[in-house]
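Chain lettering (A, B, C and D) follows the sequence in which the chains are written, and residue indices restart at 1 in each chain.
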Amino acid sequence: MTVRVKLFAAARELAGASEVAVEVCDGATLVDIERALLAAIPAVERILPHARWAVNAEFATSDAAVNEQSEIALIPPVSGG
Amino acid sequence: MTVRVKLFAAARELAGASEVAVEVCDGATLVDIERALLAAIPAVERILPHARWAVNAEFATSDAAVNEQSEIALIPPVSGG
Amino acid sequence: MIELTNQPIDCSALLAKASRPEAGAVVLFLGTTRELSDGRRTLALNYEAYDGMAEKKLADLEAEARCRWPLVECILVHRLGRVPLAEASVAIVVSTPHRADAFAAGEWLIDTLKRDVPIWKQEHWADGTSEWVHPI
Amino acid sequence: MIELTNQPIDCSALLAKASRPEAGAVVLFLGTTRELSDGRRTLALNYEAYDGMAEKKLADLEAEARCRWPLVECILVHRLGRVPLAEASVAIVVSTPHRADAFAAGEWLIDTLKRDVPIWKQEHWADGTSEWVHPI
């Protein structure tokens, strides 16, 4: 299946895009998404160790399953305020 | 000597005056002032137990000596803010 | 900066004064007239000060707060006279490089002001009576 | 009330909204753009949000704060886009019957906002470079 991953801030700039599509197997979890994202855009490697993931606008753990309708976002360490 | 005592809030209203003059001996302390004030204006009795004294715009303890030039004030419990 | 005033407190002006390039955080505290106290309804408050001593104590508070915390700006304003419902009787504004200091200084300043600055409030109750507040 | 905005934050309007007859205390926190960070000079900040999630998280923060403290009003506003020096990027306003709750809620809200709301700041340094801030 194809899922879209939203990217923000430094991750967006490293990727040169605010959203990327990646191919993963049905039943994929965020672990699989992260692996596919890294393969597609190696430059995000330096963001990943400290980033969190969100699914449908909520923080999610790496074992969370996703599907093609999921709104998936990589959340680099935040710095609002 | 004659000293003047400033009164505020409920103490001022009980006395019907914002300042009263009392007679005390030379070398008097705030203990003597308090005794003279109570004799002059018995109604302030209910304010005295919780009030503080100030001499020259600083809180002072009851053994503080005063003279005719001292600015003496009875400070009922404060409620600003 | 400290001030006693008979006018409504202009918070915008105070915030503009405190928002400086070397500060990263501004905390403003307003004490406002509450309608209900222990179930009784207030129409307005009236504040009286021992002016000379109140100004001195406010200046002392500013000086002590500046020793305790790295304050860029420190503003203490108390309104006197009649203060209608929901208007501010006191405003405290502090700005600091980092926010934890601004919260700590702001709370210490209002706590200490309420304990040591010779200002008194008179409640004007809805039932027509009035009363000086002397908390013990 | 929560808001993401590209406009300067109107503190007077927020304070007016929070100053209600049932509140006795109002605390406002402003996060402002500081000129110097670790000795480097900033010209301006730029803020980006994951809008949909940021609004949801801000609403969650308001709801949780209202469970923890008796808040009369609770306002969270974050500015996005370019924010010049000394202007506010975030405003938090809470009003409560008693002041200790207003300070506690205000500080908890800004601390939690900075940890959990997906908003990012980009420093525009005086030397012409810029950098997204991702604290770890």
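Throughout what follows, a contact is a pair of C-beta atoms (placed from the backbone, for glycine too) under 8 Å apart; a residue touches a chain by one contact, two chains touch by 3 or more.
Computed from a prediction, not measured in an experiment: that's the story for all the values here.
**Q** What's the minimum number of touch steps needed to get from chain B to chain D?
**A** Step count on the best path from chain B to chain D: 2.
**Q** Using mean CA coordinates as chain centres, what's the chain A-chain C distance in Å?
**A** Whole-Å distance between the two chain centres: 48.
**Q** Averaged over CA atoms, how far is the centre of chain C from the centre of chain D? Could you give it in whole Å?
**A** Chain centroid spacing, chain C to chain D, equals 23 Å.
**Q** In whole angstrom, how far does the Cα centroid of chain A sit from the Cα centroid of chain D?
**A** Computed from C-alpha means, the inter-chain centre distance equals 26 Å.
**Q** Using mean CA coordinates as chain centres, what's the chain A-chain B distance in Å?
**A** 73
**Q** Touching at least two other chains at once: which residues of chain C meet that condition?
**A** 31, 110
**Q** Give me the residue numbers in chain A that touch at least two other chains, ranges are fine.
**A** In chain A, no residue touches two or more other chains.
**Q** What's the complete list of touching chain pairs for this entry?
**A** Those chain pairs which touch are A-D, B-C, C-D.
**Q** In their shared complex, at which residues does chain B touch chain C?
**A** Residue positions touching the partner: 6, 8-10, 13, 47, 50, 54, 57-59, 71, 73, 75-81.
**Q** For chain C, which residues are in contact with chain D within the complex?
**A** 11-12, 15, 19-36, 85-88, 95, 97, 99-100, 102-103, 106-107, 110
**Q** Inside the complex, what are the residues of chain C that reach chain B?
**A** So the residues of chain C in touch with chain B come to 31, 47-50, 52-54, 56, 78, 89-90, 110, 113-122, 132-136.
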